[in-house]
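A, B, C and D label the chains in the order they appear, each numbered from 1.
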Amino acid sequence: MGGTWLLWFVPLLPLFGAAACGLIHFATLAARKHDANAKGPSGLAPVVACAAILGSLLLSIAAFKQLAGLPADARVIESAVWPWIHVGSLQLDISLVVDPLSAVMLMVVTGVGFLIHVYSAGYMKGDPGYAKFFAYLNLFVFSMLMLVLSSSLIGLFVGWEGVGLCSYLLIGFWYEKGWPAEAGQKAFVFNRVGDASFLIGSFILIKLFGTLDLSDINAAVAGVSADPEKAWWLTVGALCLFGGCTGKSAQIPLFTWLPDAMAGPTPVSALIHAATMVTAGVYLVVRMNPVFAFDPTVLTVIGTIGALTALVGGTSAIFQRDIKKVLAYSTVSQLGYMFLGLGSGAFAAAIFHLVTHAFFKGLLFLGAGSVIHGMHDEQDMHKMGGLRRHMPKTFVTFLAGAAALSGLPLLSGFFSKDEILAHTFAHGGFYFVLWGIGIVTAAVTAYYTWRMVALTFFGKERFDHHHVHPHESPALMWVPLAVLAVLSVFGGALGLPPVFHVVHVLEHWLEPVTAPGKALLAAHGTHELSHAMEWALLGLGAAIALGFAHFGFRTYVKGVERDESVQRNRPALADFLVGAWKIDAQYYAKIVYPSKLVAFVTAVIVDQFAIDGLVNGAGGLATATGNRLKLLVDGSLKSYALWIGAGAVLLALLWMFV
Amino acid sequence: MNPQDLLQLFDERAIEAVRPLLALSAGLIILLLSGVFDGLKALRGPIVVATLLFGGWLTASNFVTQPGVVLDGTYSADRAASAWGLLFVVATLLAWLFSHHYYAEDERPFQLEHDVLMLTTPIGMMLMGGAQNLIVFFVGLEILSIPLYALASFRRSRARSVEAGLKYFLLGAFAAAFFLYGSSLIYAATGTVQLAEIKAIGIHGPLALAGVALLMASLFFKISVFPFHLWVPDVYQGSPTPVTALMATGTKAAAFAFLLNAMFMLPAKAAVLVAVVALVTMALGNLGALAQTDVKRMLAYSGIAHAGTVLLVVAGTLAGDPESGGALHAALFYMGAYVFTAAGAFGLLALLERDGERFTSLESLKGLAHRRPVVAAALTLFMLSLGGIPATGGFLGKWMVFSSLVRAGLIWPAVIGALLSVIALGYYLRVVIAMYMQPASDRDAATQSVRGASAMPATLAAGVCAVFVLVMGVLPSLFLDRLP
Amino acid sequence: MDQLTLITFLPLVGALLVLLTPASQEKVLRAIALVTTLVVAVLGVRLYLQFDGASAALQCAVDKPWFVLPGSAIAVRYKLGVDGLSILMVVLTAVLMPTVILSTWGHIHKRVKEFMVWMLVMQTGMLGVFLATDLVLFYFFWEVSLIPLYFMVGIWGGERRLYATIKFFLYTLAGSLVMLVAVIALIYHFRTADIETLCAQAGSLELTKQLWLFAGFALAFSIKVPLLPFHTWLADAHTEAPTSGSVVLAGVLLKMGTYGLLRFGVDMFPAASLELAPLFMALGAVGIVYGAFLAMAQTDVKRLVACSSVSHLGYVVLGMFALTRAGLSGSILQMVNHGISTGLLFLLIGMIYERRHTRALDQFGGIASTMPIFAFFLVFTVLSSAALPGLNGFVGEYLILLGAFQAKPLWAIIGVLGVIFGAVYLLVATRRVLFGPVTHEENKHLEDLNVREIGLMLPMVVLAVWIGFQPTPFLDQSRGSLDRVMKKIELARGAQSAALEVQPLTTEEVVR
Amino acid sequence: MNVPSEHLLFLAAGLFAIGVLGFLIRRNVIIVLMCIELMLNAANLTFLAASRQHSTPQVANLDGAVFSIFVILVAACEAAVGLALIIALFRLKQTVEADSLSEMKG
């Protein structure tokens, strides 16, 4: 498939799908003009959308197979090049490349994407904007595929902002309610802040390497070490790119938009805010691992931010009442883990956790969606309870997902999370602190996960039976749940720890991509773990997971007393944690309101009063002096003659003496 | 001076040079005679037009044949003087056309006297334009001024007209006295009244300098430059509009024509002084106009500002403008454009003013674009030309004035002059805004404008002015190539 | 009749035709105007296709005698020509006008005849400015093109139209009169009025003279752009202008300022522009952020878009005075992009104004549910204006910021801030107009865009997407000219650095 | 013996000064008219004095004399027109006060 246009069809199919669904939507609008609740062709939309994603999935599998067939060192499939911006010596083109890393991402995006499309067909049925939803969803997959497949940073940026746009559109899908639109706008602005830093990073790369082609840049990084000034620029560039990642993958400074993004429909949260978009940052770091690995301080920064985000995300999820908010903060936390993994140089482990997270978090979100669907849009866990009898299938799959998330032994979450913690531990020195934070967060994760399970599926039924009759979701919704459950349970097989003397499938597969980064890191010392230490770490992880899971389940299986008691006697702590360490409040206080004030000052004081004042002042001055001069001409003959006489004398004197 | 010398003086070339003056005088006399016999009264109009056209034709032929300095060096009819002469004839013709049927019943019987007075002015102007001798200039000055004093107060029934006439007379005579005393001092110092000889002897000593100062004072009075300009608004507003048109265009042009000849008297170091006086005049004129509500008085102030602009050319020459004829070209083209624009503007005001003073206030111009679209369009064109917007003669005039300054190195006066003309556009636009962008007050909207044959000559004249202004803006080569 | 004279004066002929038809037949008047602009648009596209981007020379040049200045015998000629710097703007002017005329169907109902005359005269003025290659002819069109807009804002404008139109006219005129003195000084110094020879020779002037002349030109163009301190007229002019007037003002008239800075600043006085580049980059960058903050505080949606123009044109100036290849081509493309995106924004605001007769932001809300097609177009235009990759805005902005970064990283970073603030005020405005519950009763039953309104926006939407996906053909049109300009800048840079090193020679240099 | 021309010139200057002051001070318009005549005569005197001074017994420089004749001529015309205007003013305002001429101002 190399060098042909066929590879282009992987992203283009969803684009055509999006266009088709868009037309279907406008057709329904036209139909609805005559008869208010006419269905129009909107029923067709899910079929078209899912078909497009399926086509893309099949093409991806074909590409994956062809890639696997190639020898290890030449595992690259390139597509035809689309010449985009040519200015003087600068050539910015867009072309697609499938290499082991993007193949993995391809499978995740199209695979999980397809499942979520099927799920949405059921979930969104009856919504007036049914076709519009699928148009946006397909547009999102197109952008994500562009992001994942593009061979140059500029193409990647097209996908990068494209996913930002789709998340804006999808979060604000139910814009009539008002606050989803604000959440969407908040998400877009936060992304834009990240993108601004991303742009500066891209300028630095052009300044250093003259091109944005990723493979060329990765190859040229080694040559930079000679020139200290260039090295400094490369470090700044890497940090800028990472700034972009924090915006997209909701890391510490720019993460507060993710919890608000829950205003969008749940499949959106599953697809965008769990499986694909938020992982873009991780993908970027792994894709350009030499650039980030060149300067160890960059990795330390990434690791620290990852750990801190994990901690903040995890602790904020403990007392959340809204089931989707719990999962949102959990996503922030798990992403923190991935960046912690990247920080300690374990690129393959980060991708491994990314994949497993896509499975179990996607599952949990869809499960929560099915719960909400069953509970007629009720999201508050304090008004649920004992649903396991009403939704057995959702319950079982949700259980699998929760187990994987909390890192119970032998499940996918356990292996991927512990591998990251192992690598962090192996790194030693300052990373011990990060490892400590990681362990604490693992405990907290287990606690809030099983709190959620307990509050939702166990204990007293706290909902009002007259209005709410929970029912199991239709097949269209629980089949994807089942598939994801299987993947969450057996996903661990992709990357068993070395102690099991089985090849780490993913690490081996990603070897050609991560090799340059690893080589640069090796220059700063290799880190190996003895077998005994590994067994100890595995044991410790399993113990913590099981312990805290049990602790969390036990306290909440009876009901919400624990929450209420904390609310009563430690309100400050509860409020602090629910508000995600009050960071968002700080943003409003420190940035949003002051900027409104500055806007007011510039518009009224500086602009209208000062600058415009000067302009109008000049006009006013002219008319004022005009009026005063008018008095000079007082109509009296005498004064005119006086002026003439004085003028003549003045002229005479000036000529004689000047 | 016996008869032979007289004949020898009036040789063939002298006759040719003086022919236009003779033609105009003959026409004047015929016009006077036509008044005596009732039958010939109807011929009044055609006689005036015939005389002016014939005089104009003769001046044009002088322009080609260039008789040069004649009559023992007292009067020259070279290309410059002929060009100015042509301008004077045109100014008078336009003013006369606008005065056609302008006056109400009580002045109509004196229409003949009005035309006689108006016909004498070009003779005076030509003498001033061609004068190489102080006496000739003085005679020309009086031949021009005295009829204007009478014309200014022609509408005896209106207090304003009489006030304007008397003011103009008294201050005019006052200035003429200054001129006389100045030239007498120069004569005392140099012993001659011939410009050429004065130039040869040069201006030295306090007596001569005082003389030149007084002389210049009277010239500045005529041009209406800064310290001497206060009379202009009252006189222009008071006198009948066609007479104002003649005053604004003709007299200024004549005064400038002589100033350019007498410029040598000013010391070179006076360049900065003249530039300052010119800029102050522009400022006062523009700022003064900004405060006006009456269009006619506003145009008076704008006339002062334009006089200041042309004076800049004198400053430029004194400061050493490398181009030889620079000042003349600039002044001639600028005044040419100004004659057509100002005559047109005043003419249209006269046209609108048919029934009393009411029509010259800005308030009454509101919504004119609906009632009289053609008049409004022409007035807008004149306003833009006064403002110096391209595609009108005014722009190229301004261009040449500023280029003479820039060539002479006076960059900052040029920039200040440019910015002052922004103020000018402030009030010119006010007229356009009134006509196009403000609704007519109900009282004005009701009055029907005077239609019919009687307005024909005025509209013809306005049309000619508009065409000339546009042609001087878009195709200036027709005029520029013919500059002396 | 050669091509450029035809394309420049055809609108004037159309204006005369309109003048001749009686004012009562509005349909005929509009038809004539539309047909004329369509023919000009076709000619414009033909010119675009014929244009060879690689060559730096003036193409399809026209050279006829006009008049000779007396005394110094300097021949002022009627010279037209198009080159890489002006081709995009000429074509945009030609292509944009039919859309503008079509949009007048909706909002111009009184004195239609005069409006069409002024609109066509303006097109001649604008085309003249971009095509003139004789300095006097350029100045001629530069001031004449002011008058039509003056009348349009003054007669068909909003409540404070008189204040706005006087302010706009006198402000721009003050600048152009100062430029007049510079033009005269330049012409009389070099004894010629031909822009091409002046561009070649002006570099030879010594630096202080070049700086003064550059200052004279740059003042007039900065007012027109508008650059930061001189921008206060823009918001008033836009708010009070009729929709079609705003579209033309934003789409083309502002670009005369940036085109002037390019032709008479960077190209004519490379040394002076090199000297003043930091200042202009600073004004551009600060202008971006300042304009964004201005827009955030506006309550009138049209005034908001006007302030966004200040911000967008800050980009153009930032890119231009980076004096790098990417910056220059980015700024030229951004001139076109801004014309399209802001033009569309004004059209949309005009459409909503025609329905609700108000521009106050708080009067809207939830329009998306009643007018989905309008919502689609508004979101599309906002995204193009906020430089979403894949649409036209991004290509221009990316090149500008890259160019600026290569020259002065600090100003580029401030410019990148503009990307964030730009998104903020545009999205906040969109949300307040489109999203949220329908609070006002009138918004409930607004009828959506009709076929005419969609039709007139389609060409610009297609152009926006085309430039977004395939910008290279548009960028290549100015390749030849920009290479020429860059050579001149490199020369000036060499001279500048040589001048800097005038200190005493170090030992080893002496030895060598 | 004839009077040295300097004295004449000073006399003329005095006359001129009186004329100008009279023009500025006096309220009656007729008196103002007379003051103008005074100024004109001052010029005449200077002309004649200068003419005498510049002419030598052999060559008589008569420019001054010719000029003064013209001045007298013009003075007459001015007086005629001036008085006519004053009569028109009197008929309208029944006064000859110069200050009554201030209806137009500003």
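Note that a residue touches a chain if its C-beta (ideal position, glycine included) is under 8 Å from a C-beta of that chain, and two chains touch if they have at least 3 such contacts.
Model, not experiment: these values are computed from the prediction.
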So which chain ends up in the middle if you average the CA atoms?
C
Between A-D and B-C, name the chain pair that shares the greater number of C-beta pairs in contact.
B-C
Centroid spacing, where centroids are CA-atom means, of chain A and chain D in whole angstrom
99
Need the CA-centroid distance for the pair chain B / chain C, whole Å please.
43
Express in whole angstrom the distance between the two chain centres, defined as the mean CA positions of chain C and chain D.
66
Chain A and chain B: spacing of chain centres that average the CA atoms, whole Å:
79
Two or more other chains touching the same residue: where does that happen in chain B?
167, 170, 174, 178, 233-234, 291-292, 426
Could you tell me which residues belong to chain C and also touch two or more other chains?
170
Give me the residue numbers in chain A that touch at least two other chains, ranges are fine.
619, 630, 633, 635, 637, 641
Each pair of chains that touch: what are they?
A-B, A-C, A-D, B-C, B-D
Residue numbers on chain C that touch chain A, as the complex places them:
167, 170-171, 229, 231-233, 290, 293-294, 296-298, 325-326, 329-330, 366, 368-369, 372-373, 383, 388-390, 394-395, 398-399, 401-402, 405-406, 409, 412-413, 416-417, 419-420, 423-424, 427-428, 431, 434-438, 470-472, 475-476, 479, 482-483, 486
If you look only at chain D, which of its residues touch chain A in the complex?
20, 23-24, 98-99, 101-106
In their shared complex, chain A is touched by residues of chain B numbered 167, 170-171, 174-175, 178, 206, 209-210, 212-214, 216-217, 220-221, 226-228, 230-231, 233-234, 267, 269-270, 273, 284, 287-292, 423, 426
Which residues, counting only chain A, touch chain C once they are in their complex?
26, 29, 83-90, 154, 157-158, 160-162, 165, 168, 172, 175-178, 181-182, 185, 188-189, 192-193, 195-196, 199-200, 203-204, 206-207, 595-596, 598-600, 602-604, 607, 611-612, 615-616, 619
What residues of chain A sit close enough to touch chain B in their complex?
619, 622-623, 625-627, 629-630, 632-633, 635, 637, 639-641, 643-644, 646-648, 650-652, 654-656, 658
